[in-house]
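Each of the next two complexes has chain A plus one more chain, namely chain B in the first and chain C in the second.
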Partner chain A sequence: MALLTPYSKVPELNTATVLLVENEEELQSKLANALVQYEKDFNVNVRLARKLPLPVENKETRPRIDLIVFLVNLLSERSLQSVESSLAHLHSDCFLGKVCFLVTDARCGSHTQERLVSVRKLAAAHQCPVLCAEHRTVDGVNAAAVRLLNILKVSAGMSPIATTALYLSSLTRCSVTSDLEED
Partner chain B sequence: MEQDIQCSRSSEGKAVLLERCEEQFELLQKLQNEIILADTEAYDDQSNEAVNRLIAITSELERWHEMEPKLLTNSPEVLLAVGKEELQRLNSQLKMVLSCSQAKLDAQKKILKREQTWQAEKKEALNAVCEKITRLQRENQKSEHSILQDMKRKINNLKDYHGSLMEMLSDMLAEHFPLPDPQGNSTKKKRAAAYDAEIDLISLSEIIERLTNKTLETPHDPYVTTDDTFWPPYTEMLLRNGIATRCPEDCNKIRLEMFF
Partner chain C sequence: MDAQVRSVLRRVIQRIPNKNIENLLKKWNCLSADQLCALDYTRPKWMIVEQVTSFCEENRLNLKHITNLEMIYHIENPDKGVWHACQLTEAQDDAVGVDLTQFKEQFKAHLHGVVRHISIKIKKHEDEAIWIRIAWGDNFSKPNHLKPTYVVHHLHTSYVFISNLMAKHKIFLSISVATKHGSIKDGHLSTRSLTAMRELLLRRYQQVTYPGSLSGSLQAKSNVYPCIGKEHSEHEEMRYQMSCEAFGHGPTPKLETAVYRLETRYRGNGNHTLSDREEFFRGVVRFSSSSLLDSLRHCVASGMAEGPVTPLLSAITQRGRNYFVITDKGPGVSSQASAQRA
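On to the complex of A and B.
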């Protein structure tokens, strides 16, 4: 099975690679541009995909991926479903700090609340952080990019010595308590 | 001259750093090869994510225990530059943390104040309710064993009132409705008056008393026979004012009018 493994390649010098997985492909390009523009200290390599598994042809040329971000649009049901099916193609070592969930449109209605709860449960099961972003304005996209860059720095190992990806994910992982369901 | 020395020093520092980078990269390559070998051998068990996590965290912990902090290089200007940069970054981050925590503190203070006022209101309500409860309990207890005393008191009050009313009535009647004077006028009516004086006339209060007693004691037969002891003007007055009525069968019988 072609699983996406975290450590199977040598990392490149002064580069961090992030993979944005989104079913709808609306936020991906905007976020990619913002990510590349913001970071000046090191190179940010952004790869886009609709879902996993990634096509086998690029496997050799693809660099090591430091962070996998699943973009979920809470207004459509298929977004969440494609994310759930993609998760099956990840090696379980990836969940130790290299996976992050980014949800958009979290405030637009009652269906989104239910889907947000299910996304949070999913993230809590895998112990990954959940970020909420607002993708319709430039400021929202920039803010989301800055937050992603912080997490990317840690997962790529570029932050000061004591912070590892695993440690950060333990700090920022999503937790679902029973009273979340009453919200 | 000094600038040359500085340039040479900085290029020395750079060379040292590059050497360290090369060493680390070789180490990285070695480790990576080991990982690839281990990956191809091991089987990925996806169902034990929590166990995976636990293993990873414990092994990381062991590594941190073993690791000792050591300087990057021994050259001072490299250390100085790195140190300066680090400290500036730390400074800006700590400023952010400070402002963030102050904002949180202010928010918490507001919440605390709000909760305190809420608590004070609820306490007041509780006090009022407790007072009312004790008052009601006391009243309940009182009614159980002092109800008799209340009744006695009320009866006594009513008796006193009744007595005073009776007294006033008799005083008024004695003053305004006296018995006709037998030694009244020295006119021709003297004989009639003397004739009247032979018979003992009873006073108005006596008439009323007889009427009320007859009504209260024998309600089935409230009629009082008017005889000569009843002075006729008084009986007429009682009849005309509606205090007494004549018996329909017998014109000599009167009774007290029902006025309740």
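On to the complex of A and C.
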């Protein structure tokens, strides 16, 4: 089974690539536009996918991916299931600071709370950060893009201070407290 | 003008929104220019009705003129009421050669022969459609002009569209319309919008003519920034192609519902009490939307419904129906019936 590996390709000069994985394919295009517009210092490439594994045909043309973001819509059960099955297609090296979860609709209703707990447990098990975003307004999408760009800068090695992705992830990774574990 | 004529007139004017009345009266051309100027359309509806009634009395208009007005209103606004489609079958050899006058004579002669008191009005519209208004009476009473039936037929096609027909009059109408055809059968298509029905059956919407003609149209639509790349773009194109083949591309006819009546046996693997029975599991699956074909096309193109498009859904456009009865004829039926969960 071909796994997505983070270091198998050579990075490009002054360029960072982020892969947005979302089952519904709604938020990813808006987020992609915001990401490309906001960053002026370096080039941002965005790849949009529905799930992993990625098609083999694109393997040659695909640039090296610096950050993989899983977009989970907490209102849909299928969204979370798709992310769980996609995680199996990532090489374990990716989890050293190159994977991040972005959830939306975390405040709508009761089922979303349960799903948020599952996402946080999943993220804690893989040592990745979880971001909550509000996707229905332009400001919300832009705010999420700015936060993702901050993480992307570090993952791609563009941060001026010598911060590595591994160091950042150990600071930002999701932790599950004991009262959550009792649920 | 007697009471019946006045009530028909009142009913017609009350149905029309005030802003459309002026145009309609101008088209009708039965009121003089001074009378038209004297009408004030900002007044409440009952005042406008009174004014128009008094003008009609002045001009000594009779029932024929009023029914003409009602017909003009319906021709201008075909999307009111519920329309049903019927299909004429078993065309005789000279069916293609029927021209308008022949059709009119035969239709009127036939209906007058069958029903004693009846009032028929036939008008030909620019786009080859014949509009027929029928007010039904019976052997003892005069025609009821408050509940007329409207029939639209395009000559040289085999489709007839009917609105507001009571069951007891159905037999009379069907014999009369099928002048050069052997029989008439129910088209299993009913909508609120006559334009949608015509577009669907007469194939007036944009259909995909040959496969592969759409590849690249999707790319052209969505590429804003060149640095944003889609991994699954081929799949997306394929899904878009499939959805357009089934439902056309561009604006689709505005159907509102599709109804599937199931008379099949239950074949789920969970619930044993249901699946062991001999009798049919009768159910009705109903899809409703403000524009059903657009919704179904989006379902397929976005991947919510798995492709290839099931023939149960594509039959709506391929066969021009929105009422289906699914019976237990073959092994493929149950798997298709369970695909309706979208």
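Remarks
The working rule: the second predicted complex is superposed on the first by the 179 of 183 C-alpha atoms of A that agree within 3 Å, B and C clash if a C-alpha of one lies under 4 Å from a C-alpha of the other, contacts with A are read in each partner's own complex, and residues count from 1 in each chain.
Heads up, the rule we're going with is that a contact is a pair of C-beta atoms (placed from the backbone, for glycine too) under 8 Å apart; a residue touches a chain by one contact, two chains touch by 3 or more.
Keep in mind that what you see is a predicted model, and the values were worked out from it rather than measured.
When the two complexes are overlaid on their common chain A, residue A:Leu96 makes contact with chain B while staying clear of chain C.
Within the superposed three-chain model, A:Asn33 lies in touch with chain C and out of touch with chain B [touch as defined at top].
In the superposition on chain A, A:Met158 contacts neither chain B nor chain C. Of the two partner chains placed by the overlay, only chain C lies in contact with A:Asn58; chain B stays clear of it. Contacts of A:Val117 after superposition on the shared chain: neither chain B nor chain C is touched.
When the two complexes are overlaid on their common chain A, residue A:Val46 makes contact with chain C while staying clear of chain B. For chain C in complex with chain A, the residues that touch the partner chain are 222, 224-225, 227-232, 234-235, 302-303.
Of all residues in chain B, only 25, 28-29, 32, 35-36, 39, 44-46, 48-49, 52-53, 56-57, 60, 86 touch chain A in the complex they form. Residue ranges of chain A in contact with chain B, taken from their complex: 3, 5, 7-11, 13, 91-93, 95-96, 126-127, 160, 164, 166-167, 170. On the chain A side of its complex with chain C, the touching residues are 19, 25, 29, 32-33, 36, 43-50, 54-55, 57-58, 62.
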